[in-house]
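Here the chain labels run A, B, C and D in written order, and each chain numbers its own residues starting at 1.
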Amino acid sequence: MIALSAARTVVDGVLAHARAARFPPMTVAVLDAAGQLVAFAREDDSSLLRERIARGKARGALNLGVGSRSLAGKAAAHPAFIGAVTSLADGELVPVPGGVLVRDGAGVLLGAIGVSGHHPDADEACALAGAEAAGLVAEPGED
Amino acid sequence: MIALSAARTVVDGVLAHARAARFPPMTVAVLDAAGQLVAFAREDDSSLLRERIARGKARGALNLGVGSRSLAGKAAAHPAFIGAVTSLADGELVPVPGGVLVRDGAGVLLGAIGVSGHHPDADEACALAGAEAAGLVAEPGED
Amino acid sequence: MIALSAARTVVDGVLAHARAARFPPMTVAVLDAAGQLVAFAREDDSSLLRERIARGKARGALNLGVGSRSLAGKAAAHPAFIGAVTSLADGELVPVPGGVLVRDGAGVLLGAIGVSGHHPDADEACALAGAEAAGLVAEPGED
Amino acid sequence: MIALSAARTVVDGVLAHARAARFPPMTVAVLDAAGQLVAFAREDDSSLLRERIARGKARGALNLGVGSRSLAGKAAAHPAFIGAVTSLADGELVPVPGGVLVRDGAGVLLGAIGVSGHHPDADEACALAGAEAAGLVAEPGED
């Protein structure tokens, strides 16, 4: 499980990347491998659904065991399947890039990072910067 | 946050536009930037789901920070994303025109107006008339 | 069914009473006999749950066909019954004064008024003032 | 609305107090006046419901406009009312100390802090320490 200290470093790394890149207001959620929220930040003037989208990306990655970029491809190829599992997950499965699994150096799953606020590639870049700041191995998924 | 006095002026402006244009019965919801209902009117003989549609247009605009006309385009281009976030929003994201963000002259987000009852362009015209009546800057979104 | 014009007069009457009495910020919901929201106002600085409480008082009156003051007595005498029906109503049954049935002069049920923001007797006084302003016969329920 | 920078200072203050006092693992949620999550931390080995309890304390304070210590008293005096509004709030109203409203020096409501992990008085002490760290005026409610 990801520790709070590491999760807070992830949040710092995400926000530093977003501000350096002059992105619009970003929201970041760090979940542990059980899907529980560990650390969270919502930048000023974020729109109302950003928490749920950021969590939905991270939780969706944990729900199916792949980064959310892989879920985007599945949604295009198998829309009925993704529709069904999204409903099962009460919506907590957002099939666009920006939800990244994180592991330790031995490959143990620690949790996931979800970012929302800009276009999906930018959101994912923030999540990867957060993982790197904390020395975690990130799995964003594949196209 | 939009004040009640301004929100009631919005409602008056929406209804005046609808009656002058001889539209069918209209429903209008004015939300503040927190998504809370501030003022509301439902014309006689409106059908049963009109409140939820009007609120869903306004809340959807606040949920993603754009007028609901922009959400209509996103729904066509990225159906899996809009489907997922609609589920996350418990349905409160109706991706058709008629949900308009409103700001003050300095650009501060005050809330959103949602209108339902006729075809989407007519609903949006009512919302814009309501914003104008209250001296608010309206963002209906883009095709 | 209560017409929008009458419902808006109710709202005006509620707010006039609250301001004359220097009450804290009030929220008022007017429902028709089908339980649909017809008119609504939320004064500035109301707390977040006020809409749901005001609606819950009005809807609770419609749900059981008595003013919400009668439901307060039932809740004391039969807590298990009120607990069960509150759950059935998804919470839309708030058993405190302030939810008032309204009828026309012939006794036909037109809808209900719910008010929240101050103590229950004050909320009910606002609702009664709103009914009187619109020339409606009010049933607040009994202790 | 509370800014992210202030909300993160609140979180730091809560955790510093908890560690100095050798409390068990604590969870802290900072909400803005709209009820949106702004910053959050969950200490390692917290039990599973801690996020929802911490948020429910903060949201409950915002829902009714008083610190959650006041809600504890209301729950004892008026159990049917608190039961009904808890249901209306989908459970997001936890009537025990530890949910604290925060205002700026001019009295403007900025949001609320909710803390869970130890006994209610200890949770509230953490919330107050967090508010003080950020220079905010705290309203914990009254017995």
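Methods note: contacts are C-beta pairs under 8 Å (C-beta built on N, C-alpha and C of every residue); 3 or more make two chains touch, one makes a residue touch a chain.
Here the structure is a predicted model, which is why all the values come from computation and not from measurement.
Enquirer: Which chain has its C-alpha centroid farthest away from the centroid of chain C?
Expert: Most distant chain from chain C: A.
Enquirer: Where the centres are mean C-alpha positions, what is the separation of chain B from chain C, in Å?
Expert: 26
Enquirer: Take the average of all CA coordinates in chain A, do the same for chain C, and state the distance between these two points in whole angstrom.
Expert: Distance between chain centres, rounded to whole Å: 44 Å.
Enquirer: I'd like to verify one number: the distance from the centre of chain C to the centre of chain D, where each centre is the average of its C-alpha atoms, in whole angstrom.
Expert: Computed from C-alpha means, the inter-chain centre distance equals 30 Å.
Enquirer: Any chance you could list the residues of chain A touching two or more other chains?
Expert: Correct list: 46, 48.
Enquirer: Can you give me every chain pair that touches, using the contact definition above?
Expert: In this structure, the chains touch in these pairs: A-B, A-D, B-C, B-D, C-D.
Enquirer: Which stretch or stretches of chain D touch chain C in the complex?
Expert: Residues in contact with chain C: 34-35, 59, 62-65, 78-81, 83-85, 87-90, 93, 109.
Enquirer: For the complex, give me every residue of chain C touching chain D.
Expert: 45-49, 52-53, 56, 72, 75-76, 79, 82-83, 86-87, 90-96
Enquirer: Can you list the chain D residues touching chain A in their complex?
Expert: Contacts found on chain D: 1, 3-4, 7-8, 34, 36-44, 46, 48, 51.
Enquirer: Which part of chain D faces chain B closely enough to touch in the complex?
Expert: For chain D paired with chain B, touching residues are 33-36.
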